[in-house]
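Two complexes follow with chain A in common, the first pairing it with chain B and the second with chain C.
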Partner chain A sequence: MKLRSSYLGIILLLPALAVMLAFVVFPTIWGVVMSMTNASLVGIGAAHPRFIGLNNYISLLRDSRFYHSLSVTVIFTVFSALIGQVALGLALALLMRRKDIKGKSVIATAVFISWVIPEVVAGYMWGSYASREGLLNLIIKALRLDRLGIEPTNWLFYKPLETITIANVWRGTAFSMILFSAALESIPNFLYEASSLDGASSWDRFRYITLPLLAPAILTDLILITIWTFSVFTMPFIMTGGGPGTRSELWTIYIYRQALLPPYEIGYAAAAATLMFLFTLVLIVAYITVLKRGWG
Partner chain B sequence: MRKVKDKPLIYLFMALLALFFLAPFTWLILSSVDPKADIRFRIPSSITLNHYAKVLTGRTFTWIVNSSIISLASATLATLLSVLASYSLTRYKFKGREALVDFFVILRLMPVMVVVLPIMIIFARIGILDTLFSVILLETALELPFSVMIGSSYFETIPTDFEEAAMIDGCNRFLAFLRVTLPLSLPGLVTIWLLAFVTAWGDFLVPLFLLRTPDKFPVSVGIYMVFGEHGTVNYGLLSALSIIYSIPVLVVFLLMRKYLTKGIAGLAIR
Partner chain C sequence: MIMKSKSYLIGLLLSLLFIASSLCLGYLYAHPQKRVLRICYGEPWKIPTEDAIKEFKAKFPDVEVKAEMIPYGVDIVAKESADFAAGVAADVVLVDSFMIPEYAEAGYLAPLDKLVAAWPDWKYYSLPMRRIVSYKGHVYGIMFDTDVRMIWYRKDVFKEAGLPVPWQPKTWDDILKAALTIKKKVKGIFPIYIPAGTKWGEATTMQGFYMLLLGADKPPRNRLYDYKTGKWIGKSPALLRAFKFYYDIYVKYKLAPTEFNFVPDVWGTWRRTFGPDRLIGMALGGSWEWGEAWGPKGIAPVPDRDKVVGFAKMPGWSGGAHGEPKWVTVSGGWAWTIYSKSKVKDLAWEFLKIVNERDRVAKYAAAFGKVAPRLDAAKVPEYAKNSYLMAILEYLKFTDFRDAMPGYSKVSYFIQETTEKIVLEGMTPEKALDYFYSKMVKTFGKDKVEVIPLGS
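So, the complex of A and B:
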């Protein structure tokens, strides 16, 4: 039985395809339509939304709160994903390769569990951990971190963006660690042996063997975690709700608040969501292209 | 290789890592057995299991039931639909098959926030907003791209020879699939089902947008709602609920850790 063209094949595909088209693709397009109306959850806009063209987009581009949420999201993504998760993930992956070190599996399991427990639970426990009388402040006091300028405080209130960023490193590092571990496994050992014979230092080996051979994995990792981190909602939402005020208001939280809090401007929120959709789409297409073309 | 004396440094680094990754769990575990649990960190003066007993009564139990219904139903639906689709993708050749695979990748990576807002309006119009059914539908649709990807990679590992042999022996294609391919792919189906189950089980965003009645909430939205009730929060109960709620996810992921690691490795090495 070889692969053959058949209507049966298409019929078998149809149910799954129909569900995805109806509940994912159609709503996405509907969202674009909604973004050009004054739809809202209450009032006139609720019963009879009116077509208003690109007005929502024009208002968005004049909305300083929208720009603020963008900059919050960019800071959150750059520091928690691009720097935090990649650096820490790489350090962890290198650590896991050391055969002479004991207790690695405890660390790996802790990193893994932080990644898989339900997001709401993660946000809930960080809510206590980072509070004024939480364990974090006790650790800061015990380790005398005030000497480094880190003072105990109500982290969620006074340093909300810093706190959700660090919490997201805690949450997401496992993925990069696993990805880099796999990539390191694929580097043949003889390269290291040969370079040792040539008298290379461990830094040289890292710089001239590990890093270049890891580059494709790092690129894959960067694109994927950028997509994911840009759309993070739950854990920061549970921890700070975007506040105090709008100080930790990520793009996703901004959309949620525009739509589900007064004045319930759904059309406006849909415009912000559409921009998010387009941005993500560009990244995903980049990801697919990179995967298909290989690494050049 | 030249020996570098970096062991003490590495162990110091590991101690900091252990602290960073384990410390946030401490309060969750302690407060769940502390009769006087509070948002503050404290060592319990006595230990109780009352919170755990209370989780299985009242509204917290209702939420566990709701989470179970949503996850069981959507995981089963997603598995059924994805088996058909993946079988088709691996056994038939048709125009646009390549494009379809790209399409699944796009859907799988698309932020849920983009979909959930318009679908709330659509579901309100057709009158199914604030029902478990609406949550089940959307969770299924969101799980499907990943389920199909797992299913396809599994069916690809099963040689078509067995099916052919069965068909020569007089089975039609459907029977050959049912008696030969399906039993062989059982581990793959279990994988799809379990991953879909934990995806729906842990989800917060979809039920947050689609449900309004507290009696219909799954555990995730329930925890959020109670956590927001400032002043009156029973943290002991909430922590015990969080732990019970995390157990199915932990069991599934720790069982499938090797499988997941292999899946992620596939992204790194091509």
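So, the complex of A and C:
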């Protein structure tokens, strides 16, 4: 009887499986295959691509621009995902639970809108907002922030990495907030009541009750956010295009530029993408190992 | 037990039905019953193309026409290249002519030799216009428009700086002196702007670099490719001179707006800041800007354009005194092509004949300030009456073309990267030349890259 129902389950899953195979598994394998050729978008490399083994990988590992994009991506991910979205998402989720905060719906709406606006639109919005004549500079001037050393400037030109990081935090925090809100709901109230009877401060409550019980949610959030932030492309591409020069060139933008701008080298870009895939895989395994051990 | 095996069967049937119907619909979508003609073009050519589509539909009512317009803001070359490479390009594609050699080499374009030989209009296309669309002796496209490049300048800014209007510099020194005068006399303005960097893409190479390179030395030393030896030129006095000009205006004298080369929308910013915002004194730009950017129906219209916007010929570095060309301009343009894998090549050719009709080409050129590639365009009154087009007709006498040999897009990219290093990092002209040379050698190999000794 058990065997029969699992057969049924598999059969019903077939369409979804077919889609996964066609659009996820096959392209990944095909990408790895292409990474070992000199396939190109135009020219001879397009008509007659040749197998060149691991040459692309060797060139990649010798390319300083590749390492530069790696470091930009790591900085971007650490600040945007870890420090920004997870911490901010948690803080907002905690904030939303308090009964004495006015304007909660305004905050919630603002957070959600940033999430649902299409990325291209959001990118151009930030392009306008952070420009020399944009709203951000007007605010800075109005609040006289130059007293704190913040001068109005062309943010996308002089501080490209900082600006795309903040824009990404702005965009992605909603997800963490929702995840943590749900997780917080599941913490039974009597634990807090009992602890306050024992004289625990709100910081103690956070540290000894909330945080440990949230550990699985934090782990999940970290993994998901890291993977997503590692593959962020659209908004930063529109805002700075990886520039000026390569100052804000994320891994994804580096790959795009190798493939779709001269030199149009698809094989090389596929090699970079494969390395990115492996790197992300290693990260996830590391996460799960370290955090599982830590939280027991 | 019977119930369970029934649901097992139903489940199996449903899944297979779902997969089968998806495959069927997919097949039908890819192989429609009616004949379909897909046409891909960029937004700047929207008006004449849609006009031609109407005429085509009237002539061939049984054909379904799919107009695939690439909007402003999207990199047309990247999109079309990706479509070709993925095998999903439209039947008819309007391409930037410099890509024709590389597209042809990749086998993306259908040769049109037999078709143009039987087309009576082909005789109105001059030799240069035929050369641009040819590769290894075969014709792969029909030029729809062409253009020239010049120095655009603001007459009001020049008057304020006490410079003569109309203005026609004879040497690069004249240009530099005028820019320095503007810097001293007119505040809040960037005296000069030349596109630089990779964000501008091919525009850096065409509107910026080639305009300098072609006037930087005696031919044929003033090019990127040596047609006698079949090699790319990676180091030359001309290249050094051109890089030096970038260095002078961006780094040494700080006359040009570095930032404008890196904004999200480089085209829009350039057109606005030269036009309505009046933030630039003079710039190297294309002839289409007159209508497409600052005209009454343009993207950034300038109210008193005729009074305020002037243009001058770009001189050779010493005005021809050292054997270089006296005047410099370079032409490009866009061409209609047929996808090699198209299943409706006959319909595609019919469309090409319609869209390239003399009156359509001439009227479009007149309206947008483009140069018509057909010699008989002058017979069309709108074109002949256009005083701007008549004024730039003389530019066609000394125009030149880029060295669009296969591999050109990479060379162009290295030029863009090198100018980017100069304006962003202040790289000196000598170091910039070495940087460019090293990239060329790395890509093409030392034996395919020529050096013209400096000081020769």
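As a convention for this text, the second predicted complex is superposed on the first by the 259 of 296 C-alpha atoms of A that agree within 3 Å, B and C clash if a C-alpha of one lies under 4 Å from a C-alpha of the other, contacts with A are read in each partner's own complex, and residues count from 1 in each chain.
Please note the rule applied: a contact is a pair of C-beta atoms (placed from the backbone, for glycine too) under 8 Å apart; a residue touches a chain by one contact, two chains touch by 3 or more.
Source: prediction; values computed, not measured.
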### Task
Would you sort A:Ile238 into first (chain B), second (chain C), both or neither based on which partner it touches?
both
### Message
Quick check for you: in the superposed arrangement, does A:Ser131 touch first (chain B), second (chain C), both or neither?
### Response
both
#### Entry: If touched residues of chain A are counted for chain B and for chain C, the larger one
B
### Message
I'd like to know which partner A:Tyr57 touches here: chain B for first, chain C for second, both or neither.
### Response
neither
### Query
Taking the superposition as given, does A:Ile139 touch the first partner, chain B, the second, chain C, both, or neither?
first
### Query
Of the partners chain B and chain C, which touch A:Tyr264 in the superposed model: first, second, both, neither?
second
### Query
Taking the superposition as given, does A:Val42 touch the first partner, chain B, the second, chain C, both, or neither?
second
### Message
In the overlaid three-chain picture, which partner chain does A:Phe206 touch, first (chain B) or second (chain C), both, or neither?
### Response
neither
### Task
Check whether A:Leu12 is in contact with chain B, with chain C, with both or with neither, and answer first, second, both or neither.
both
### Query
For chain A, what residues appear in both contact lists, the one with chain B and the one with chain C?
1, 4-5, 8, 12, 15, 124, 127, 131, 238, 260, 266
### Task
Spell out the residues on chain B that touch chain A in their complex, using ranges where they run on.
1-2, 4, 7, 10-11, 13-14, 17-28, 31, 39-41, 81-82, 84-85, 87-89, 91-94, 100, 102, 105-107, 109-115, 117-119, 121-122, 137-138, 140-142, 144-145, 148, 160, 163-164, 167, 173, 198, 201-202, 204-205, 209, 219-220, 223-224, 227, 235, 238, 242, 245-246, 249-250, 253-254, 257, 260-261, 264-265, 267-270
### Task
Sort out for me which residues of chain C touch chain A in the complex.
4-5, 7-8, 11-12, 14-16, 18-19, 22, 75, 78, 81-82, 84-85, 99, 102-103, 105-108, 197-199, 201, 259, 261-265, 406-407, 409-410, 412-413, 420-421, 424-425, 443
### Task
Please name which positions on chain A make contact with chain B in the complex.
1-6, 8-10, 12-13, 15-17, 19-20, 22-28, 30-31, 34, 39, 91-92, 95, 98, 100-101, 103-104, 106-107, 110-114, 116-122, 124-129, 131, 133-136, 138-139, 170, 175, 178-183, 185-186, 192-193, 196, 202, 216-217, 220-221, 224, 227, 230-231, 233-234, 238, 252, 255-256, 259-260, 266, 269-270, 273-274, 276-277, 280-281, 284-285, 287-288, 291, 294
### Parts of chain A lying in touch with chain C, wherever the complex brings them together
1, 4-5, 7-8, 11-12, 14-15, 18, 40-47, 123-124, 127, 131-132, 154, 156-157, 238-241, 243-245, 260-264, 266
